[in-house]
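Read through the structure below, which is laid out as C-alpha cells, and then see the notes.
Every chain is named by a letter (A, B, C and D) in the order it is written, and numbering of its residues begins at 1.
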Amino acid sequence: MNTFGKKLTLTTFGESHGKALGCILDGVPAGLVIDEAFIQSELNRRKPGKSPLETGRKEDDKVEILSGTFEGISTGTPIAMVIFNTNQKSKDYDNIKDLFRPGHADFTYYHKYGIRDYRGGGRSSARETAARVAGGAIAKLMLSQLGINIMSGVCEVDGIKAEKFDFDHARKSKMMALDPDRESQQEEAILDAKRQHDSVGGVVLTRATGVPIGLGEPLYYKLDAILAEAMMGINAAKAVEIGDGIATTHMKGSQNNDPITPEGFASNHAGGLLGGISNGDTLIVKTHFKPTPSIFQAQQTITKTGEAVTCELKGRHDPCVAVRGAVVCEAMMALVLADMALLGLGKKMTHLTALYLDPKTDHTQK
Amino acid sequence: MNTFGKKLTLTTFGESHGKALGCILDGVPAGLVIDEAFIQSELNRRKPGKSPLETGRKEDDKVEILSGTFEGISTGTPIAMVIFNTNQKSKDYDNIKDLFRPGHADFTYYHKYGIRDYRGGGRSSARETAARVAGGAIAKLMLSQLGINIMSGVCEVDGIKAEKFDFDHARKSKMMALDPDRESQQEEAILDAKRQHDSVGGVVLTRATGVPIGLGEPLYYKLDAILAEAMMGINAAKAVEIGDGIATTHMKGSQNNDPITPEGFASNHAGGLLGGISNGDTLIVKTHFKPTPSIFQAQQTITKTGEAVTCELKGRHDPCVAVRGAVVCEAMMALVLADMALLGLGKKMTHLTALYLDPKTDHTQK
Amino acid sequence: MNTFGKKLTLTTFGESHGKALGCILDGVPAGLVIDEAFIQSELNRRKPGKSPLETGRKEDDKVEILSGTFEGISTGTPIAMVIFNTNQKSKDYDNIKDLFRPGHADFTYYHKYGIRDYRGGGRSSARETAARVAGGAIAKLMLSQLGINIMSGVCEVDGIKAEKFDFDHARKSKMMALDPDRESQQEEAILDAKRQHDSVGGVVLTRATGVPIGLGEPLYYKLDAILAEAMMGINAAKAVEIGDGIATTHMKGSQNNDPITPEGFASNHAGGLLGGISNGDTLIVKTHFKPTPSIFQAQQTITKTGEAVTCELKGRHDPCVAVRGAVVCEAMMALVLADMALLGLGKKMTHLTALYLDPKTDHTQK
Amino acid sequence: MNTFGKKLTLTTFGESHGKALGCILDGVPAGLVIDEAFIQSELNRRKPGKSPLETGRKEDDKVEILSGTFEGISTGTPIAMVIFNTNQKSKDYDNIKDLFRPGHADFTYYHKYGIRDYRGGGRSSARETAARVAGGAIAKLMLSQLGINIMSGVCEVDGIKAEKFDFDHARKSKMMALDPDRESQQEEAILDAKRQHDSVGGVVLTRATGVPIGLGEPLYYKLDAILAEAMMGINAAKAVEIGDGIATTHMKGSQNNDPITPEGFASNHAGGLLGGISNGDTLIVKTHFKPTPSIFQAQQTITKTGEAVTCELKGRHDPCVAVRGAVVCEAMMALVLADMALLGLGKKMTHLTALYLDPKTDHTQK
C-alpha cells in the first residue's frame, strides 16, 4: 500500500520526525547513468526553507544511494535511497499530541491505526514527498533518454490566475510562477495570508512534451486515470483535470473534439491522450491544492477522548503548498510516464518477436 | 491491466460489437446473498435506449451469472458474469473502418496495437461499463450489509448547474437530474444539442453515506486517489473533484478546515476524508464528462494511411454521456469502497488477534 | 487471488458442477493469430474420458472465445474463454454433502468459507484446470513465435520410473508415458489400482527448449520460484524439482556445477537456469503428484457437525492424476514463460530507447 | 519484482559488497511491539562466521529500524530496516570480474542486464537473505500473537539423513542439526568437503505449529504454492516438498489420505494443508539445497568475451548452504504465514459485518 507503479515501482518509507525517510525504486533498467547531482538538485528544488514563501524548517535533504548502482550505472536491481532527518523540532508538537488538528490526517490516522506519531504529522506529513522527488528524479533520467521532458509551474494562487504559461520562468521563480506578470500579485497573496496566520490554495499545471503515441494501458491502467491517482494522492490535492478538464463540459462536442490533420491534432483540448492512451501531443494535467491546513489561528477541535478544545499550532509551515507541490507534481508525472514506458508503447507481437529474435537485440553485448 | 481493485478485483472483458462482454469479480466474501434481480435492475438503469436523451441502441443487457454462487449465496470463489451482445449494427461502422473519429480512441488504439476492432469503438466503447455496473451491483450488496449507501445524479449539463441536490429525485429522473427545478432546462439543452447533431458535457455528483471512519490505505492506496483513478477512468471523464474540490483553492485555510466537535465535523469541505482515509462524514466526488465525441456533423480527420478526410458518423449515440455515466460513477464508487472495506477499517494487531483467537469468530460454524 | 501471472494474467472462474468455467487471459500482445483449433486440441488432450486410465466423466470441453480477437487476430484486449459444463452428474455427490472426503479440500473450504459447493469438489475440482489449459494454449501460440517449445510426459507411476525420456512418444501415448519400455508396466499399475478401487501417484517431467537467456526477474519473481509456485498449485501436486533437484543434494559442488564452455554448458544439472534466470539451456521441471484422493474404499471421516462417519464415494475419478496432469504442467509452464517473456529478456536501457526511438519500431504500421 | 507478499509485503534492496542492504516491510498492523533485540537475535542466527562450518566473512549484521514505529510500537506505516556492510573484501573478486563462476548467477545476470556487480555476486549473493530474516523476524512477532510458532533444522547433509527431528536441539546446534545422533557425522561431511575445497548439499525441514484452519487463498495464492515459491526462491534451493512430498507418489490413495476423526486428522501425510488451505495440522515443508557453487578447485568456464578459461576462486564461502539456509527458511515461512493471516482465515460476510458493526471492534479505542 506504500508502493506506487506496476513495472517501475516506488516504495517509500519514513515519517516527518523519524530517523530517516526514503524509498526503493525498483524496475529501473540496467545501463542508465545515475546522475546523483541531478537527483540532489531535484531534491533541492523541493526542499523547505528557501524563501519566506515556504516553511522555515531547513532541511538539507541530502540523498544517499544505498544500492542498485555499480560504478555510477544502474544494474537493474532495486535502487534504495535514504534521506536522514536533521532539523526536526519535535517539541513544537507536544501540545497537539492529544488533539486532532483540523484539516489534517490526525483524526483519521488515530482512528484507523489506534496510534499516531503526532510529531509533524508523522507519515502523513508532506515531508514524505521528498522520497517521491528522489524517485521521480531517476524516472526523469530514464525519460530524458526517450526524449520526454516534464515541467510544471503554479498557474493560480488564491484565485489569481496565470494568463501566460512560461515554464522556463517557473523553473527560476521562487514561487514556481508560470506567469511573470502575475507573479508579484500571487506572491503578495501568499505573504498576506502568512501575515494573517492563514494560508491560501493554489493550482499547479504540469506538462510533458515529447511523449510518444501509445503510453497507457486501458482499461484499468489508463494514462489519465493513473495521472489522476498520482496527483490526487499528493498531500492537499483536491481536484485533478486532464487537458481542458472542466472547461470541456461547457463546450459542445463539435468544439471540444480535436480535429486530426496529416500534420497532427489541430487543437489539444484533450490534453495529450485519447481513450486513456497518449496521442503524441503535449500531456497536460492540472492539480488543485487546498490551502495548507496548518494555520496559526485558534481552531475548534477535539481531543482523543472526545472533548472540545481549542487548537493553537506552533511549528513551521508553508502558507501555500502548491509552490513546493509543483516539484512533486513533476515527480509523480515522471513516475507515471516511466512506468508506462516500461509497460510498453505498444503491445504488439511483432515487437516481442523482434526483441527476442533480432540479432540487434542480442543480449551478450559483445 | 484490465483488472481494477486489490482485494475485491473486477476484471472485465468484451467489445462493443463482439460476442459478449462481462467480468470476473473476485474477492467477494462467502455468505452474501447474491440478489440477481438487483444486479439486473442496476444494469437496467444503465442500459441504453430508455429515453430520447440516450442512444437509440436497444440492448437488454441481460446478465447471467456463471460461477461463484451456490444456492444463491456467494461461496468466496470468483463470480463470473456475462452479457451477450444482441443489438449490434456493425454495418454502421463500415465507413469509419479506415479513419480515426475525432475525440475517440481510434487513433491511439490503432497506433498502440496496430489493429483495432472499429465496430462501435471495440474495447474503448462505453458499452464496457455494463460490466462495471454488474460488478458494482454486487459491491453495493456487500456495502449495504455494512450500512453504506451510494447515490448519484447529474448536477450540471452544458453549464446549467443544479442548486438543489435531491438524490431520490435523480434516481427517478430519466436524466438522473439532481435538481428538479433545473431538470427541464438541462433536458432541453441535451435535446437541443441532439437536434443540432451535436453533444453536450455534464457533471455527476456521487456520494456515499454511512461510510465508517478508516477506509483508505495511505500512502499509495489513498481513498481520494483511488476514487480519482476510478472516476477518471470512466469513458469521457476529464476532471475529478473530491469534496469542495476546486472551490477549496479559493478559500483561506481558516475557511476550508472543517472544525471538529464532539458531535462530529462542523462542515464537510473535505468531502468525507482526511489524509486519504475516510473520516466518517459523507463522501462526495464530482466527475466531469466532456461532450460525447460522437456527433453527426462533418469533422476533419485522417485515414490510417495519413490522408486528410471528412468524417461523417452514423450509428446511435448518447448526446450527453453524463446521464448514463452517473450509474457508472455509482458502480465505481461501490467497487472502491467495497475493496477498501475488505482491506480493512483499521490495521490493528488487536483486530487480527481477536479474529484469530476469539471463539466468536470460530470458523467451524457449528 | 484467482489470477496468475504479472503481465500475462490468467484469471479463472468456475466450479465442477456449475454452469460454466473459463478464464480471462489478459496481456496477450496484439497481432497474434489465435488458432482456435489448436486451443481446442489442447483441451482435447486434457479432457476426461479418453481411456480407461481416466475418469469416466465425458466432457466435450468445447471452448468458446468471447472477446479479444478481431478477424481471428488478437487485439491486445482481454481474451475471455468459456467452457460450458454439460455432463455433470450432481446426484453422485448427494451422499457427501454433509461430510468431508479425506484427502480433499472439502474440510478446508468449509471451514474457510462456511459454505461449500460439494458437487464434484466445486471450485477445488481439477476440472478448473481446463481453463488453465485454454490459457496455456494461447501462451504456447505466443511462445512458438519466439521459438520456445514445451513438452511433458509421465516419468514415474507408482514408483516405476522411466529410464528413457521420449517426449514425442509421450504425446502419442494414452498415459503420456515418456518411456515406451516402461509404459505397459506403468499402465498396468494404474489399472491395477483402479481394480482395487484405489489410486496411485505419479511424476511428470516438463521441459522447454529454445528458451533464450534472460527470462526470470530476481529476486522475487525468479523463474524457478514461479515455476515451483505454478506446479505446486496444480491439484494433487506435493513436490517440485528444478533440474536434477533432489539429486543435487547428494552431489559435491565439483560434480554439480555445470562447466561453461565457449559452446555452452557442458552439463545441465541446473535444469536451465542460474540465479532464477534462464541460462539458455533446456528448462527442466519435475512435478510429483500424490495418488488421487478419490478412492472407492470405505474411509474414516467426520460430518460437518463433527460426528465420525464412513465415507463411501461414488462418481467417476482418475486413478492417477499425473496422466492428465501432464497437460496441465505444460500449460502452467507456458503461462510462466510467456509472462516472463513479456516482462523482458533483459532490462536494459538500450533496449528501451531502441524500442522508442528506432524507426523500425515505429508504431504507425504504414 | 523485488517485493514478496500481497498484504504483508517485503521489498528488499542491496548487494553483497554495496553500502548497505535492507528492506521495507509494509502491512504490519499497528500496535505490535517491535522487539528490536529479537530481530537482532534472528539476524545473529543467520550471520556468517560463527563456526568453521560457515564462511569466514564476519559481519555484525547490525540492523537499524528507520521508520514505522513510534515509541517501540508499530504504527501501521512501512517499517524500513537497514544493515550496513562492513566486512567486504572486494579485492577477492578482482580475478572473477571478467569471467562467469560455474553454478553462480554471473552468467545470467550479465546476459540479462549487460552489467554486473561482480563483487561477491552482487545482488545474487545469499547475503541478501539477511534482509529476509529481518522481515521474517517481524512476521514471527506477529505470528506469535496468533499462537503460531515456526522452527527449522537440517535433516540431511551429503545424503546422511536425520532419523529424529528434534527442533529444540537444532536451535542450539551450530549446524542446525535435527538429529543429535547424526550431527557429528553430518558435521564431519561438511568439514571433509571443506578440506577438499569442495562443498556438500543439504536439506532443511521447516514446520509451523499452531496454524489455524483457513490460511491460503485458492486458486492462485494457495498456501502450498506460495510456500513452494518462497522456498524455491532461496539461493541454491532446487526442490521443495510439502508434507510427505515425493514419498506420497509411492503410496496408494488408501495409504496417503489422512483419515479425519472427531479429534482431528489421524495422520499428516498432507503436511498441514488440503486444497491449498491450512487444515489446522502441523505445516511441514522440506527444502533441498544444492552444494554451494563456490568451491576452491579449478573449474572450466568462459570470459565475458566467450573465451575458455580456468576459474580459481578466492574469498570465503559456506561449505554447506543448508546450515544458514535453515534460518532463511523460517523467515520465508513466517512471511508467507503472516501475509496469509492478514489476507484472512476466512472470507465470510459475517466476519466483515462483525468487524464493521460490532461495538467491540470500535475504532476509537477509548
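In the analysis below, contacts are C-beta pairs under 8 Å (C-beta built on N, C-alpha and C of every residue); 3 or more make two chains touch, one makes a residue touch a chain.
All of these numbers come straight from a predicted model, not from anything done at the bench.
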item: Contact-richer chain pair (by C-beta pairs counted) among A-D and A-C; value: A-D
item: Chain of greatest Cα-centre distance to subunit A; value: C
item: Distance between chain centroids, defined by C-alpha means - subunit A, subunit C (Å); value: 43
item: Cα-centroid distance, subunit A relative to subunit B, in whole angstrom; value: 26
item: Between subunit D and subunit A, distance of the C-alpha-averaged centres to the nearest whole Å; value: 37
item: Sequence positions of subunit C contacting 2 or more other chains; value: 1-3, 12, 27, 30-31, 76, 111-114, 123, 213-214, 306, 343, 345-348, 350, 363
item: Touch list for subunit D against partner subunit C, complex; value: 1-4, 12, 100, 102-105, 107-109, 111-114, 123-124, 128, 156, 158-159, 193, 196, 198-203, 213-214, 216-222, 224-233, 237-246, 248-262, 266, 270-271, 273-280, 288-295, 297, 299-302, 306-308, 343, 345-348, 350
item: Interfacial residue positions of subunit C with respect to subunit A in the complex; value: 7, 27, 29-32, 74, 76, 142, 145-147, 212-214, 341-357, 360-361, 363
item: Sites on subunit B touched by subunit C in the complex; value: 1-3, 9, 11-15, 18-22, 24, 26-27, 30-31, 64-68, 70, 73, 75-80, 82, 110-117, 122-123, 305-306, 363-366
